[in-house]
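Labels run A, B, C and D following the written order; every chain starts at residue 1.
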């Protein structure tokens, strides 16, 4: 038995047990303070389950909402505390026996995810938009997801005033996974985190109150394709493990750059076999690119975004992108820096087709949610350009971009929930005609978000795009920048189209009405606008934050 | 740091915009007066800037510099040179007239919804544009300039698409579609140009490591900044493309006729007299200032395009059936002259080009606003729908004629001075180009006189028989502009002495000397 | 003294401003004001003149620098005036004749409700014309040059409700613009050659530069002159310009403005002297126009158009003379002045006739008017005698001198020019006699017009006849006064220089020849129009006649070549702009849209298709990565 | 016997699973194919673990099983509710959203 077992949270004892049976069990060292943000969320999620079990139905909604908000707030507070404690910069370290990295990117992204989660919770909890059925205020989630749509069971459930308050614990579980994902410092943690945040999302997709069929279809597609992609990821993990004989990023990196020299001849055909490394790396990459929705792994995005309940879409679109890009960055910069030159051409190709593909296909979309889905694809392309930059500016610019992008996204989808007609949300573009006449404020807000998406100066979208392109140019990816600006030009077209529709075309007689939301959604939208403008006008503070945070611990 | 005069000048209209937008729906007139008040205040501040500016002094004066986005190497740097002062003045001068001329353009057709406040929005947008344009004229930081260059598209876009020409009433579906087509075309053309420029801006930063005009110029001077020829050329092209779209230069001009045709006359003035000047201004300041070698390298092509613009624009103007489109093509021809003057790279040419920007602004404003009054009266933009107006509304016809004569740059009116300077400047460097350009004066006469003859003279058409002459408000717009035209035509000195030093600086940027006359006869 | 110069311009300029901006309240008094200011300007001119006479020949030139106009690096343009003998001559002619015509217009325009504006325009013209002749540099001259163009545009189109008038005005301005193009190019050439365009330096150092440059400048100046003075090939506008009110035709399109070209060439004498090729072109243009105009004049039945033709031809004489160089300059100017008198007189006469004949212009509908309007008849008659060069009258002296100078040019050139000039004299005699006969002699041929108004020919009011009488005096005596004792030569010689030349023929012979030509012309005319009655309907006439009636097809030429061609060009360009320049962009947009539509089809809703794309993607990624390592 | 053969087997299984996903219509079968792919991963992991002589791979395998179980729970829940409302287990029927 060789002693190449690299210590890892999961396998500390392995080498020892083999050596001396019956030896005393050494407890793993866990830095609970650094893990506090995650732990808080997990605990709250578990509590949420208990609430579902023991709290009377009438009280559940408020209890859950309270619990969730408090948990997210507390977790965010913990993040701030850690950052203030210098864990983001000087005291950055590997925690939990190498499973989790607590460093700048982690804290920055976790903070972003939590903020997004917070505003998303508000949209989840919104109960003023739909007309109340049988005297019960209803939110965007089905009374009883299990029941057949329009069937007796559902009617009864509605009459009884059931509501799916489970969404809150599900959200929390998902958040927990998302928090771990960008922090994962070994492949197993990566995989687990991925599943932990994916599975609840699959469910959340399925529980829309209106348009259930589409919602379920979205869930199925998301689930099947997600599982499919995670299988690729896992196989990649296996191969990398076979290559490096370890799961920990640091160890893998060491093997890749050949600093581990002594190789057991017995392992000659696996250990250090580049084929394994390359294939494995490629497959992991595939899994992550699926999550960020990069062409050609993007095809789930439009359908899922369209079918899922809009609050879920907003959360998913924002948070998963943040987490997935975080994980991607860490993988490329910490585990596989040695592969930079091998993966570069592929990444270039993917970035280019993603930017162009997303922008071009979006032009002919007729459903606002699908439109935003494609725009999210195009944005994934832009962010990839920053990832490719392969320099510190690259990291920080991506972090900044994610911050900017996620708030615009949540805000935009929150606005989408407001525009409704008899059939629920009126997502078909033709229904948005003349919105600017009917309710100028909402239209103006949405216009701001669209302009941010389009990357017009003085909005966060521009700052982010500029940061990313600048980094890319400095990283020698000038060509990508040119492609980027070209596809931005194309993208601008369809954002503008929506604005034209809202402001310059006459309102339709049977057009949708704009529901007046509760303070919850208002907060979401307000925060979105505020962040968009602040990051557009005076981004300096956040750029500093990002550039301080832009260092990975090894 | 002393009182930030330039910031104040730009901020005042911005504040005005917010204030105007905040006026409740019912108090429409109050909003108009508020907007006018703020624009006049801006004019006062601009006058102060003009007086505080010392022609003999530093290149950039009244400078301000604050940290902004350190990570991008961006500073909030303002400073104004002679050219900037001239255009700043032009903007501040024209906006009040635009506002007064547009007094009733944005009154809602029907007041059904109380939340919909087009009037407030309209004037707020105009002030917003003014703020951005002014700031872009005084920005000495490339990034800051770029941001404004792009951002000003949005309010313009809403002005064009949102408040179309009443010449066909708002309800008419085809008109609405045409208008939004024009607005989208305007935005996409300029956005595309701007994005290309964005790539160049980033490239510039990668090469120069700074966005500050002053720093870059200094680095250029002391040789610490070496630009590879090819790099410089690529960057130049990136910048120039954006400015050529904005200016607009043939063949990137087609958005202008649509935009000017569909927008109301005051907004059209905003486009061609003010916003487009940012493009030519930027050519002078950024293309020549940052990439002198590349500019010289590109000169033959640019001059050719400029000549094409001059002749082509004029010929198409002759072929138009729509008054506003005709003026639009005329403007394209004039922008050709401006660009010609800039790239001739002689003192006369560049002084001429700068004066041309100002004079073209004023003359076009005069012609276009009066044309607007005419169009609102008859409710049609087609030349064929007019005839004999001169008989029923002589004052309108007279002002229209003077505006037209200014457009064909009749001596004694301001545009002549600039046009002649451009021609002389071009001729002394590129005789053939000069001669070709001179043919423009004949064509100009052709389209102006054709327009005048078809609309104003001949037997009185039924449709115009009851047309009222200019009202007090409209006179208040037309007369002062004409006065300015005449004054600057006879006594352009105040302007030239501000502009000349700036031009000498630019000439030294590109390291060009004026060609010496063969016989030194001047005594 | 020199500070008075600005007053020359200021007075009429003020008048124009007041009258045009004054509004209706000036309708009553406007014309008086206008006339008064014109007169004022004339008075100032006289004061300056007397002052000038008091000085020695050499230091007569006055100079007034107002302010620096366009100060730009290496470019100096001033608002500055220069009043020398040459300018003075023009000032007196312009203000003098101008004032008379103001007075005449008071009566002539009495019934026009826009009379105030008419006087405003007239004043504007005076101001511009004066700027033109007293400017001290070419750029300021250019200002006046275009200014008179504008004034003439406004006045030709004064009756704008008549489409013909509006068109004529536009045509005049456009054709002039072509000439102006020449002038501006000339100025640019001067700037690049001499670094300035002030008369002084340019003319002094004219011979310091190459022949080619000077020739170019000369030709460009000539082009300008052709435009303004209606010389071939830019003559076509003058005939149509007769659409304007008759006083306008008299003042602008006979006496003053159209002679600006002559002034320009004489003023630029130094340049032409040094560029013989340019001079040659000048004389050719002059000679051609001389004949051209005369022929046109022979065929026209419209009295004003006939006079317009004669104007062309007379200016042809002047240009010809100016082209001869120092031999001819002075006589060009001399003929210009005398022509100013008699041609203005003739036009005023024509106006007076029309005034009495319900604005009928067709001479075939006149006849025997001498009984009805004696004053007009006499004054017109004197003008007639003057123009045909009846011995002793103004025209005789000036024209005779030109012919003499033409011969004095020497060589075959001299012979050709001389004989052309003689031929011209004959034709002049012919067509003027024709006009005279058709108008004042023979039987009355007028009938009631469409709505049955029988014209009642009557003498015009005093305000109209007095100017005619004054001008008649000028027509009779001016020439003699100038010629005897070479007064005019001595007067201008310091400015233009003078070279007697050496004519192969003696002065007497030339004079004899001239008189013979004159007699022949008159004779033929008498034979054709005096002996037998004139048909009311114009006979078909010979090919030449018909061509001449259509201004020798000049307009047909312009129409076919320029107008039609231009229309086609613009139309096709409009098409190009829409479908090509714009089309490219729209096409790109469309193709992107199409691409989008096709790519959209891939999103077919089947989860398994998506899986395929993922699988394929993964495969490609893996393969690519391996390949990268492989290569 | 050379452990590498196990790797080939794992790859083979993975390929079979993948192709099953691409080919089969029935959601359940499709789902099973995915499980097959996961198990292929497990095999590979265990093999590597064996070769490297550390337990990391085996641990991962256990986790994978757990994850697979969780996926079954979630997946079946979704699939069942879909089946209820559509009375069809064909994945191709779920194609409301396209283009």
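FYI, contacts are C-beta pairs under 8 Å (C-beta built on N, C-alpha and C of every residue); 3 or more make two chains touch, one makes a residue touch a chain.
Computed from a predicted model, the values in this text were never measured in an experiment.
Peer 1: State the pair with the higher C-beta contact count; candidates are A-D and C-D.
Peer 2: Higher contact count goes to A-D.
Peer 1: From the centre of subunit C, which other chain's Cα mean sits the farthest off?
Peer 2: D
Peer 1: Take the average of all CA coordinates in subunit A, do the same for subunit D, and state the distance between these two points in whole angstrom.
Peer 2: 24
Peer 1: Between subunit C and subunit D, what is the gap in Å from one C-alpha centre to the other?
Peer 2: Going by mean C-alpha positions, subunit C sits 97 Å from subunit D.
Peer 1: Could you grab the centroid distance between subunit B and subunit C? Build each centroid from C-alpha atoms only and quote it in angstrom.
Peer 2: So the centroids are 37 Å from each other.
Peer 1: Approximately how many whole Å separate the CA-defined centres of subunit A and subunit C?
Peer 2: Those two chain centres are 81 Å apart.
Peer 1: By the touch rule stated above, which residues of subunit A touch at least two different other chains?
Peer 2: Within subunit A, the residues that touch at least two other chains are 220-221, 224, 228, 302-303, 493.
Peer 1: Got the subunit C residues that touch at least 2 other chains?
Peer 2: 600, 603, 605, 607, 611
Peer 1: Can you give me every chain pair that touches, using the contact definition above?
Peer 2: A-B, A-C, A-D, B-C, C-D
Peer 1: Within the complex, which stretch of subunit A touches subunit C?
Peer 2: 220-221, 224-225, 228-229, 232, 274-275, 278-279, 281-283, 285-286, 289-290, 295-297, 299-300, 302-303, 341-346, 349-350, 357, 360-365, 490, 493
Peer 1: Mind listing the subunit C positions that touch subunit B in their complex?
Peer 2: Residues 20, 67-76, 79, 139, 142-143, 145-147, 150, 153, 157, 160-161, 163, 165-167, 169-170, 173-174, 177-178, 180-181, 184-185, 187-189, 191-196, 201-202, 204-205, 208-209, 213, 566, 569-571, 573-574, 577, 581-582, 584-585 of subunit C touch subunit B in their complex.
Peer 1: In their shared complex, at which residues does subunit D touch subunit A?
Peer 2: 4, 7, 10, 14, 17-18, 21, 27, 30-31, 34, 37-38, 40-41, 44-45, 47-49, 51-57, 59-60, 63-64, 67, 70-71, 74-75, 77-79, 81-82, 84-86, 91, 94-98
Peer 1: Give every residue of subunit C touching subunit D within the complex, in rising order.
Peer 2: Listed in rising order, the residues of subunit C that touch subunit D are 600-601, 603-608, 611-612, 615.
Peer 1: Spell out the residues on subunit C that touch subunit A in their complex, using ranges where they run on.
Peer 2: 589, 592-593, 595-597, 599-600, 602-603, 605, 607, 609-611, 613-614, 616-618, 620-622, 624-626, 628-629
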